[in-house]
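The first chain written gets the first letter, and so on, giving A, B and C; residue counts start at 1 in each chain.
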């Protein structure tokens, strides 16, 4: 029988696309496996990884540490480097064959290339760059009560949506929550009429949780020939310069437009402070746009979303797009000349002053405080 | 008069604004401080057609209109008075007289390079002893066979050190007074032509201002603009058009100061209140904005009359008089609202105040504008 | 050879964003702009036009005022615009949108040496899905996140950016490339371009134009044809105010370091 994405009852289990590059698992995969475990438990189904590559069995077992029940592994020299055509074909055919009800991808540059292509071929819905996922309604309502400004009575009433003028209960639908309009709005998306419900999930948002399972490695048959692939990858280059690992950093010292009067000096101060704290330097979009610092430093809506232990904002006014990328940091320290700067609204500790004067003293104070410990 | 912009005018205005904000504003303080001509900005403006806005495409112009030109100078002046006057002097004082009074041959040979911005233009009328009294020209031009020989000097020439093509005035017949003045198109490589040193000014310090020196300068006969003796008329017509450019510059400077003052007074806190919460601030800004809005109506009205080939001499004079005095007043008040910070070079309003002053002086002082207006009213 | 560029008019989320009491966006009160990544796609198309002299056609789906955006692109140098607009197309999610735009592009005609360029993603939804999904519906190869594009004959060599580097991908025309801001610096429209823009050709495609195309079916377009639905939308709460430290001298920084140490943060 032909594949029918609208035959909802035929679909079962939660799948996670396990992205690897050059045989190394991307860290986001473990975050997604942990999140997938939660969803599978709520649905009472199995959690499966789908892993594509060339000789990648060795990294499949590790997925059991985070709660995968099964991993479907597809090995082929044609899958060594990522290509849209090969990966789409293998995943779509696997989905058509095995029929998972949920399919998650990391919202990486590869996940966001692959997932839309798969969704379009499967004729199902896809929600991009999710920051929160739920199945269970009480959990979802609890999340809304914490993370939204919606009135409680409206949240309590949630339960059905009108689909083609018929009420549809959303209890078993994946509720995919994501920011929109530059983080000004959040939306929860569902895919009620088709399966699998697909989502790409923002890297660094979901928490890894160890959950040991005896993982079963499976090697389903598949068809893939060179003729299926219309593009040719001639080289894969790791950036020569070490890219800033903002997502994994515990301490981030970010600079903004406030360094304009001495850009080099400002960045140097931020580097010094970051070194004392054991962290890295980030920046606002303004500095990247002005060409003062490279784009891999950028925090915010169009940059990276970070939640370090400490985020120090130097001369950053706190445009809403920037706040969207850092406001979940555990502790935010802001230094800004302008006492009305919006950054102070999200700061745990604020100092109104010239960063060129404050930062050198802060470096000394922190050195002294560390030495005293 | 309908001040609703056409769709095309709305498009160009949006571009001017973005260009001014992204390309011009970041350099404004630096070129003022260093008295540096912004060659890099000129190259960018040339690519976008900003040196030939209202001239026909057949001569290499952008095919736009006079109001689109006025708005260009206005938007540039909001962030940088210097950059605005480069466009204004080039367009109104050099391209316009060649376009309006030149022969077809002169237009075809000069305009494509000027309108594309490949060459910059300037205008040489003022002399050390012939300022407001332009009829007192002492530079002479004598016809010798197939060329004129020019002797004398010009001063305070905007774009002087950077221009390639000059519209220059000289006496061909001293006995005839005003009617003895003729206009010439002079290229900077003509033998006997040289440029003097950069004039140090109070404002618009990035713009090039210098003397032009003619020592037995050979100008081919075919470079006579108009006929012999028509020079004074050409100069006066040209200045009518130029006043729209300077009025637009003044308008932009004043509007820029109002924008800066609004932004600052909303941020600055004294006595635990934002400055914008004090009624004095509110009244000041209301007056400032009203003056600039009135100036805008006068400027746009003059520009549209010129576009429609109506008589606009008095309109241009009124626009320049009002806009220049409004700009000086508004920038001075802006500095006052900024207080001590306004007097420093940390903020742009002190530069705007210096830049505004020249608009009351060049291309006809405010007093000259009053003379033009009164004479148009028949008050003698 | 021609280059087709897909563009979108979006609310400017960099300024003040107004939200209605029911949690939806107050679009009426917001400025619209051309989606920034789409500008990079347009610039890439115009740069290829400067080099090869090919025609550039901009496609958009949106309400009739989106014509203004197409005219702006024409003022930059785009030769022709296609506006896909119909009530039936409203409420489309990315799947349905891709279906409609693909039908529009296919109706316009894609030849063997054509290139389709799109922005990576639009700032209103940030989905990055429509480019790849159009390519899927047109059965064309795609390369996303293009940081550099070179053309030799019918082969494009694209530097496809990854988080930790890049891969070089070769692809033959016709194909879809999605562009990122690192690719180029979009040009300004020119004065001459502005005064020509409104005399350039603009094609409007309505439901009537596209209804017989195989991709267009009531079950695949508009709100009805969208696989995803919005369950709820909401604004996140503001974080509570923190502590402003007095002064800005050594005493202040000592106080801060003391707090951080006491809380075992450092």
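FYI, contacts are C-beta pairs under 8 Å (C-beta built on N, C-alpha and C of every residue); 3 or more make two chains touch, one makes a residue touch a chain.
Being a predicted model, the structure only gives us computed values, none of them experimental.
When every chain is reduced to the mean of its CA atoms, the largest separation from chain C belongs to B.
Of the two chain pairs considered here, A-B and B-C, the higher C-beta contact count falls to B-C.
Taking each chain's centre as the mean of its C-alpha atoms, chain A lies 21 Å from chain C. Spacing of chain A relative to chain B, judged by their CA centroids, is 55 angstrom. For the pair chain B and chain C, the distance between C-alpha centroids works out to 40 Å. Multi-chain contact residues of chain A (touching two or more other chains) are listed as 339. Residues of chain B that touch chain C in their complex: 7-8, 11-12, 14-15, 18-19, 47-50, 52-53, 57, 61-64, 68, 72.
The part of chain A that touches chain C in the complex is made up of residues 21, 81-82, 84-85, 88, 108-110, 112-113, 115-117, 119-121, 123-129, 144, 147-150, 158, 161, 163-164, 170, 173, 175, 179-194, 230-239, 243, 277, 295, 301-302, 309-310, 319-321, 327, 330-333, 339, 344-354, 357-358, 361-362, 364-366, 368-370, 372-373. Touching chain B in their complex are the following residues of chain A: 338-340. Remark: chain C residues 11, 13-14, 17, 19, 23-25, 93-95, 98, 123-133, 135-137, 141-145, 157, 160-172, 175, 181-182, 224, 226-239, 241-245, 247-250, 252-254, 256-261, 263, 265-266 touch chain A in the complex. If you check the complex, the residues on chain C that touch chain B are 68, 71-72, 75, 188-198.
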